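I've put the structures underneath this note.
Two complexes follow with chain A in common, the first pairing it with chain B and the second with chain C.
Coming up: the complex of A and B.
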């Protein structure tokens, strides 16, 4: 995929102004909308359509901090691939599994308060990780140490989100 | 993306979910995770004196393919010797579940979990032998 920052014409940085990003997306979608190219030659219409699709994809990437961080790392030549990622720290895995099990236990016990507590705990973890990710990406621009820290934090975020999904599912069940 | 029937079957009726006593000297525990997708998997084996896996349990926080891969892994290793179980390859799991290329890493994780449980069991036995 092409660079999402270039596609949307925004500065490649982690601390994006999301309102500004949304405006850029809306503006580009308006310009590329098929209705505005009705009388144009077929090749031009096809181009506008494929650009519109790319712009939508880029918007979805940039809106999500994890994927935005991955796009920034990709610009530095750092790619995270499944199956090629570094193994996670065993202590962290143990902690995550315990957290996950406490959610499963609360789900079985239909203990809404306990699940909500875990949910907010995980939300707090998530935002701490997003801050740490931003710091890792923006400090020491171009440094490998920063990239390595960012990759680790992205992993942390993926783990946290997995458990957040688990907690959200458990809450849905109790609706 | 559509899951294969076998994945759905394991996802809806996972086999051997649960925990074995981690402190039991005949139990080996494997704990693995993939930062690239956020999956966490724990697989445990209980080994008889003659080296046969009598029981296996797992707990996985992950997608349907990760759950199915670990569920299938526990089914396969039960009744096998530790050495036989160590020979299970991720490609066999992926083939049995018809995993698409983007989900192959789930079967890799299951293979890693089996190996890590066996390693833990062997380590425990070695320490016990020296005691």
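Coming up: the complex of A and C.
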């Protein structure tokens, strides 16, 4: 895939203005969406379609802090291997595992309020992780230490999100 | 009837919008800048989505068909939409209903459910095509010439259901410009008079399907944030709640005729309860009284199911109910007072209903058809994939490729490797849905790629790309890179029809002979040639500065050849060749134009222009205002 920052014409950094990003995506969609090329020859329609797909995918990547961070790291030549989606810090991992346990317990007990509480707790951890990720990426400009820290933070975020998904699923069930 | 419509053979083809509903279908078109519903063969805007199949190949659609429902229930197909894209073993076939289903004769046969009429069988696609054909005839009568059609589908329709709808359109001889999601269509109808920006929810409870969509409107772009629903939940289920109790209370024998009568009576009772606190229906001489508060209780679980879908859609959009600026009601079932009360409580504000909930979707479809036909750039609809797409994993789980609520068109690529030494083929199963196990999801396509040379596990690689187009339809291509030779295959979903199959069915349907079909192909290609020539000329004028030396001459020559071919050819293929030649001649120019347009879009120049365009008031805000005044 082409570089998502380039596709949307924004500076490659973590702290993006999301409203501006949304505007750019909208303006590009105005030009590239297949509905704008209904009367055109088939080859032109295909071209517009594939570009619209690329732009949508880039937007999806940049909107999401985790994938945005990955895209930034990819620009620096850092790839994140699969399976590295656990927090490296054993203490934090332990805390998160415990949180996961308590969600499972609350799910079995059909305790809606407890799940909602865990959900908010995870949300708070998620946004703290996003800030930490941003700090690591901006500070680590050019250096490997920042990148290393960012990779760890991504693992943490991924794990937190898995738990959030589980909590959301549990809430769905209880509805 | 207006007598002023003088027949004009040169009338420009007009694009139409069709709401192909579970209970009623509507065809609409934009006239003098406003969408209007056209009169169907019943003399009304609403055509009951009912088809009657008589013995000698004769069919009736609409009220004429409905009249046969009680006497010949097995030959009278209602609510065919509920079976679109469904297999023979679908749970939907086991619900309370009046018809028989054919036992599939083969595995491929079982992919599509068939209504057994005794002497023949019909698929839901056949039935829907019959309804569309009738609507098309009515439209041709009133508009003189019909161009492409936009057909609406529930936002929650999966790929199989969408494919089936498009196939029905093609079978009816329509050029399907676009499949449009019903809630998005409704929003378009409401936001018509130029927009105020905001966040909206569309609550669409139709005869057989429920959809909820959260969307934002910003500077003429409707962007769907999330969508959810239940493609087997609607007003029909309310009828069943009444009918079931009616059958028990009157203790009649459950013959197909009785069940059918009970369902008709139940529907009548439901309608009467909209205005009256109680009503009485009589089945087999036994009167049965229903009070509104009882009915409200019976349908509570159904409403709760819609509430669950709404809450999930809000969560997916990452917004709360209070942030929603307006709620739009769509579908006849939203006339039920308990439904309105439920929606108002859920969102904490009165719902918008000043456009007829039965017609609003067709209006939106007509507007979109008109915008597409005129290639207008005022408004754009950005929709989403309603259900996640994935691939079955080794253990029968699902590997998500594209999550639900991804903006479409969307694409993703995945690489698969061999898991055993000397494995010579890949087996890929594409599914759609949110469940954890692939067997609980909708199976979309199963394909295998053979002939991989033997090598150690993990060495062979298969790249699969999944593209979802603006209609929500999936296209899969797979290429195998093992030996450096790229082998690409296009994967068709198992239930879709190929162009050849559609043509054969058109011939079989006795609507077209082989020669008629060739004539139609010629006419269609001519129309396309004209459209492309027009678009090319427009581009030459607008972007003249982007032409390189000698390019204009080449393109003009290709244009001339095309117009000559279009004039002189007696079959479609020479015209098609000229179209292809023109496309080749303009390819580089098109690429430059697209790059230029992208640059302009990113430079932000367009932002101020659109800001000016949006100055003209009204839109949804005006509807809200009206609503407040009436309240």
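What we mean here is this: the second predicted complex is superposed on the first by the 153 of 175 C-alpha atoms of A that agree within 3 Å, B and C clash if a C-alpha of one lies under 4 Å from a C-alpha of the other, contacts with A are read in each partner's own complex, and residues count from 1 in each chain.
Definition applied: contacts are C-beta pairs under 8 Å (C-beta built on N, C-alpha and C of every residue); 3 or more make two chains touch, one makes a residue touch a chain.
A quick note: this is a predicted structure, and the numbers were derived from the prediction, not measured.
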Practice item. Name the contact category of A:28: first (chain B only), second (chain C only), both, or neither. Key: second
**Study point:** Touching partner for A:53 - first (chain B), second (chain C), both, neither
**Key:** second
Exercise for review: With the two complexes superposed on chain A, say which partner A:12 touches: chain B (first), chain C (second), both, or neither.
Suggested key: neither
Practice item. Could you look at A:36 and tell me whether it touches chain B, chain C, both or neither (first, second, both, neither)? Key: second
Review point. Touch check for A:168: first (chain B), second (chain C), both, or neither?
Key: second
**Study point:** Common interface positions of chain A, toward chain B and toward chain C
**Key:** none
**Study point:** Residue ranges of chain A in contact with chain B within the complex
**Key:** 80-88, 90, 92-94, 96-97, 100-101, 104, 151-152, 154-156, 158-163, 166
Revision key, fill the gap. Seen from chain B, its contact residues with chain A in the complex are 31-40, 42, 59, 61-62, 102, 104-105, 108
Check your understanding: In their shared complex, at which residues does chain C touch chain A?
Key -> 177-178, 218-219, 221, 223, 307-308, 311-312, 315, 371-373, 375, 377, 380-382, 406-412, 467, 469-470, 531-532, 534-536, 579, 582-584, 586-587, 590-591, 594, 597-598, 600-602, 604, 606-607
Exercise for review: Could you pull out which chain A residues touch chain C in their complex?
Suggested key: 8-9, 23-24, 26-36, 38-44, 47-54, 56-57, 59-60, 168, 172, 175
